[in-house]
Amino acid sequence: MAAGFKIAEPLEYHRSFLKENCRPDGRELSEFRTTTLNIGSISTADGSALVKVGNTTVMCGIKVELTNPLVEAPGKGFIVPNVDLPPLCSSRFRPGPPGEQAQAASQFIADVIESSEVIQTEDLCIERGKLCWVLYCDMMCVDYDGNVLDACIIALLAALKNTKLPEVTINKDTGSTRTSFCVFDDSILIVDPTAEEEGLSTSHLTVVTDEKERLCVVHKPGGTPLSAEKLQECIGRATARQREIQKLVDKVVHSVKTAQ
Amino acid sequence: MMEVCGSTNVSLREFGCEQTLLSRPDGSASFVQGDTSVIAAVYGPAEVKVSKEIYDRATLEVLIQPKVGLPSVRERSQEQCVRETCEASLLLTLHPRSSLTLVLQLIHDDGSRLACFLNAACMALMDAGLPMSCLFCGVTCAINADSEIITDPTAAQEKESRALMTFAIDSKEQRVMMSYTKGSFSVHELQQCIAVSQKASENIFQFYRDSVRRRYSKNL
Amino acid sequence: MFSGLREKVGQVLVPGDEFSLEVQETLSLTEPLKPEKVLLGPGLKRRGDRKLLVVKSGVLRHKQPHVFWVENHQRRYVPAKGETVIGIITVKSGDVFKLDFGGSEQASLSYLAFEGATKRNRPNVQVGDLVFAQFIVANQHMEPELVCVDSAGRANGLGVFGAGGLLFSVSLGLVRRLLRPRSDVLSDLQKLFPCELVVGMNGRLWVKASSVQQTLIICNLLQSCETMTTAQRQQLFRRAAQGAL
Amino acid sequence: MSPMKLCVPGDKLCSTEDCIPGTGIYLRHGCIYSSLTGYVLKKNEGEELPVISVVRETETQLLPDVGAIVTCKVTSINPRFAKVHILYVGSTPLKDRFRGTIRKEDVRATEKDKVETYKSFRPGDIVLAKVISLGDVQSNYLLTTAENELGVVVAHSEAGAQMVPISWCEMQCPQTHSKEFRKVARVQPEFLQA
Amino acid sequence: MPTDTKRVRGPEVSQSPTLFLCKHAAVLPSHGPRADGRQRDQVDVRPVFVRCGLVSQAKGSAYIEAGNTKLMCCVYGPREMERKDETDMKCGKLTTDMRFAPFSCLERGSWIQGSQDKDLSLMLHESLQPAVCLHKYPRSQIEVNVMVLENSGSVLAHAVTCASLALADAGIEILNQISGLQSDGEMTEETLTAGVRTCIEGCYKLYPVIQQALTKAVRRAAPPPSES
């Protein structure tokens, strides 16, 4: 009847695990799910990457096009990130235009790109005021099992590294990674939440750090309050995670390069 | 709490607030911070659509209307921030299977708009008489090129800043309910900004109390 | 007892303010020794055993012996058992009517909950009729239920009404002022014109005076009462009596 | 034990002369075909021919059926009926939400006209019920609790504690010792343990 | 065009750099082997890779890769009818939704579903409808969502195959496995029948692959029940 307990009283069910400092899927509170990365799998895209964080799967495809820069910013190109959460990835999403969650995710990714300066939009300019590149970065969630923003950032980063612009070199030396936390019952912190854990927790926190371990985004869209000490704890964990992901991305990019 | 260093400026622009200025909604408030101005309206607890019904609590919807044009992705992301902050302070379980709607209309934007949205929202929720466990307020901090922290920046100051952070602080323990940041900054700078915001929140909460007292002065 | 709370009576509180319900160590001799239970009205909630939390902004009021509540200017009505409201019939279905009373869901009213109604002898009630009724079920879990009879089965002022009058809405605070024993607004009004007035706790008022003009004047006077001090109101009523409006 | 035979939809399993059709199959031109991917199971049930079915271990039941025992959570109540979400059909959890209705007259078998829904269920209660009809276009699944084994199995008191059944119509809060009315199902020890 | 307020917007117009490259002769040779070396007029199907049950959230899912064409299909349901008034007491409803990822084609696709997607959704619906035992799922709906990750031809055909796999993976009763193949171009009656014949032949070739994928998924999901 354990399964009955899980569905009838999901919150009590999770609490009973957290009391023992573990989670229903066997992980510890601060343990991430296995993350795998595959790049360049889509030949129609100019850059692509597939990321799996546990069950959560996100595919990022980048299409490069040419356009005229804006009059008010003649020396800048465009990066247009969009996150799509199609009905395919979970029964919670309905067909039609993107919902609030997808829109907030798109805005979040746009903020991350701007704050972390992953790509300088100036580098995308070909001729000042005349011609520039536009990078359409579409992140498509294929399997929604929590922590989608993390997966999106990793996918975006890997896909950007995989993108080659004809006759243009971009310096993409700053990478950034994010880490998601969930707060349970106002006091217990867990990382890399699954969809179920996300639904039951009282607050979410996302920390994005760059290679130089500076913070890019500390995003907490409301929820139960958090003290400064807890915040510090999250940031410490995020920087550690950043190094792990950086290693993973570098490894995969390198392996693809040597294969060519 | 961290020591606030002397160079940082905890001054806030002049505040203004008026409750119950609209006749149709169940609660309304306008909030002015310098030249930034927002009107908030609350409807509910009202009938809820079957598809949005939650059996053990009220459903809260937040709509942000920009000054001109249609709301875009940016507004959607701010709606999420405001909504989740309100959800944490409201006692939604007292009104199960009902709907609450909060509409925020931006009148003029001169920096710190997310903070102003939060402040207007809190005053409007209070005006509507919805049960809340605590109050909350929004504070925006900007770090300029000289690494100075400016609280409640104007649009011009925001533009020049290297990093921009908005926090929602609760009235009970002055903890961080929401954080929304732009630009890159160090951990120390973050902690400093939080400390400054906590200090600023005391002024705002006092302002809340004063304006509510003014409103009820006739009934004392 | 509850001295912390007592001190604040008549003052403005905001959500998040907390009070301790701890019984004081030094008991005063004038107060009874038996610990008495505090009764909490709207705007106050118990937090655990010892704490009391303010959840609405407004003025703290107190009634002997230990009744406390927060008075505020709420506009949306939340039903409470025993309160009388003005509802509008919206649907007739099966054995019940559905009533809109301005709350978050419609209330039900049984055919049999009228004076003298039986299964054969159904009351003559149409969609759109105004009904003055009392809540017998009103809590957050259930659909609110109204009746038009008292416990003895008598109408006692409840039932269908409202031919030729005017229905309008005011704030819940004003309604409570009108319903207070020896209400000053009401006594001022009585001096003005003779009229019929039905006051629903849900903020709805129904007025009928001898002429349409007088009805409208009363309606306007009541609506403007909300934001006036006593002196301003008395002046306005005096002007109305002189026929200045 | 020989490995079980697997089949995919459209596989011809046997002729109707060899077996009696069970579940997960369909008939066409006197032959039995599989309509599921799963294991072929032949069972002798004392009749001349074995019953042939295709079974999947994971999800045996996808939809609530008339006569099925379901576990549900009460979402709202009014004087005429209680609305519930069906969580389980038998022991199979449902992935998607299905709504059901327990009408006042279906709460218990005796003294039907004295039933008060508010004294039988509260929102949040976990209830065992039986499907009596699929309802019509306008309504949900119709359920009943008019059996001793059916009714509330898990309920929380006003104070928030899980209550203990003390009779078929009352439960008690272990903290405050206050009693609340419910249509209680006959105690099923395994459920209480969880 | 109405502005799309629900996405991060880019510049109003932009062109793909491929437009500026000189086009190679786009005319396909009418004789000899096809561009990728396969034989014409023969049942020479691209190598197919199929996998079931990849998406944790869906009731059933399938992924198919044929050459460079990559598709993903998820099945949700049977669930309660979304619109009450469409509830059918006798029979379930099948809904299909087929979409292209913006990066799936050479030309960047728009976010908004075009008429092509809707046509394909409809055709997919028509191919699946007769095979699903809808009478077993009264007053409920079964949703089939197809996402094209990379389009390199024969999308509809593989979508049909993929969808029927996902349905079978979801444990929804269907009469038969369906697989699709596509041949294109203007056809005379004669070539049409020939085309159909080659397609059917090709489908037979696909069949064992599908069977294998399904049985593998079932084996993984559950051990065989003990014979009792």
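Each chain carries a letter (A, B, C, D and E) given by its place in the written order, and its residues are counted from 1.
Operating definition for what follows: a contact is a pair of C-beta atoms (placed from the backbone, for glycine too) under 8 Å apart; a residue touches a chain by one contact, two chains touch by 3 or more.
Which chain is which protein? Per UniProt: A = Ribosomal RNA-processing protein 43; B = Exosome complex component RRP46; C = Exosome complex component RRP40; D = Exosome complex component CSL4; E = Exosome complex component MTR3.
The model shown is predicted, which means the values in this text are computed figures rather than measured ones.
**Student:** Chains touching chain A and chain C alike, please list them.
**Tutor:** Output, common partners of chain A and chain C: B, D.
**Student:** What shortest step count links chain C and chain E in the network of chain contacts?
**Tutor:** The fewest steps needed to get from chain C to chain E is 2.
**Student:** Between A-E and B-E, which chain pair shares more contacting C-beta pairs?
**Tutor:** Most C-beta pairs in contact, of the two: A-E.
**Student:** Among all other chains, pick the one whose mean CA position is farthest from the mean CA position of chain C.
**Tutor:** Most remote chain from chain C, centroid-wise, comes out as E.
**Student:** Using the average of all C-alpha atoms in each chain as its centre, how far is it in Å between chain D and chain E?
**Tutor:** That gives a centre separation of 35 Å.
**Student:** Report the inter-centroid distance (CA atoms only) between chain A and chain D in whole Å.
**Tutor:** 40
**Student:** Between chain B and chain D, what's the gap in Å when you average each chain's C-alpha atoms?
**Tutor:** 47
**Student:** Starting from the mean Cα coordinates of chain A and chain B, work out the distance between those two points in Å.
**Tutor:** Centres of chain A and chain B (C-alpha means) sit 27 Å apart.
**Student:** Specify, in ascending order, the residues of chain C that touch 2 or more different other chains.
**Tutor:** Correct list: 141.
**Student:** Residue numbers in chain D touching 2 or more other chains?
**Tutor:** Residues 73, 76, 95-96, 123 of chain D touch two or more partner chains.
**Student:** Two-or-more-chain contact residues of chain E, please, as numbers and ranges.
**Tutor:** 6-9, 76, 79
**Student:** Pull out all the chain pairs that touch, please.
**Tutor:** A-B, A-D, A-E, B-C, B-D, B-E, C-D, D-E
**Student:** Sort out for me which residues of chain C touch chain B in the complex.
**Tutor:** Against chain B, chain C makes touches at 10-12, 14-16, 18, 43, 45, 53, 55-59, 71-76, 78, 103-106, 140-141, 173, 227, 229.
**Student:** Which bits of chain A are touching chain D when the two form their complex?
**Tutor:** Residues 1-5, 7-9, 91.
**Student:** Please output the residues of chain E touching chain D within their complex, sorted ascending.
**Tutor:** Checking each residue of chain E against chain D gives 59, 76-80, 84-85, 87, 89, 133, 137-140, 168-169, 171-177, 210-211, 214-215, 217-219, 221-228.
**Student:** Can you list the chain D residues touching chain B in their complex?
**Tutor:** 73, 75-76, 85, 123-124
**Student:** Can you list the chain A residues touching chain B in their complex?
**Tutor:** Within the complex, chain A touches chain B at residues 100-101, 103-104, 106-108, 110-111, 114-117, 202-203, 205, 210, 214-228, 231-232, 235.
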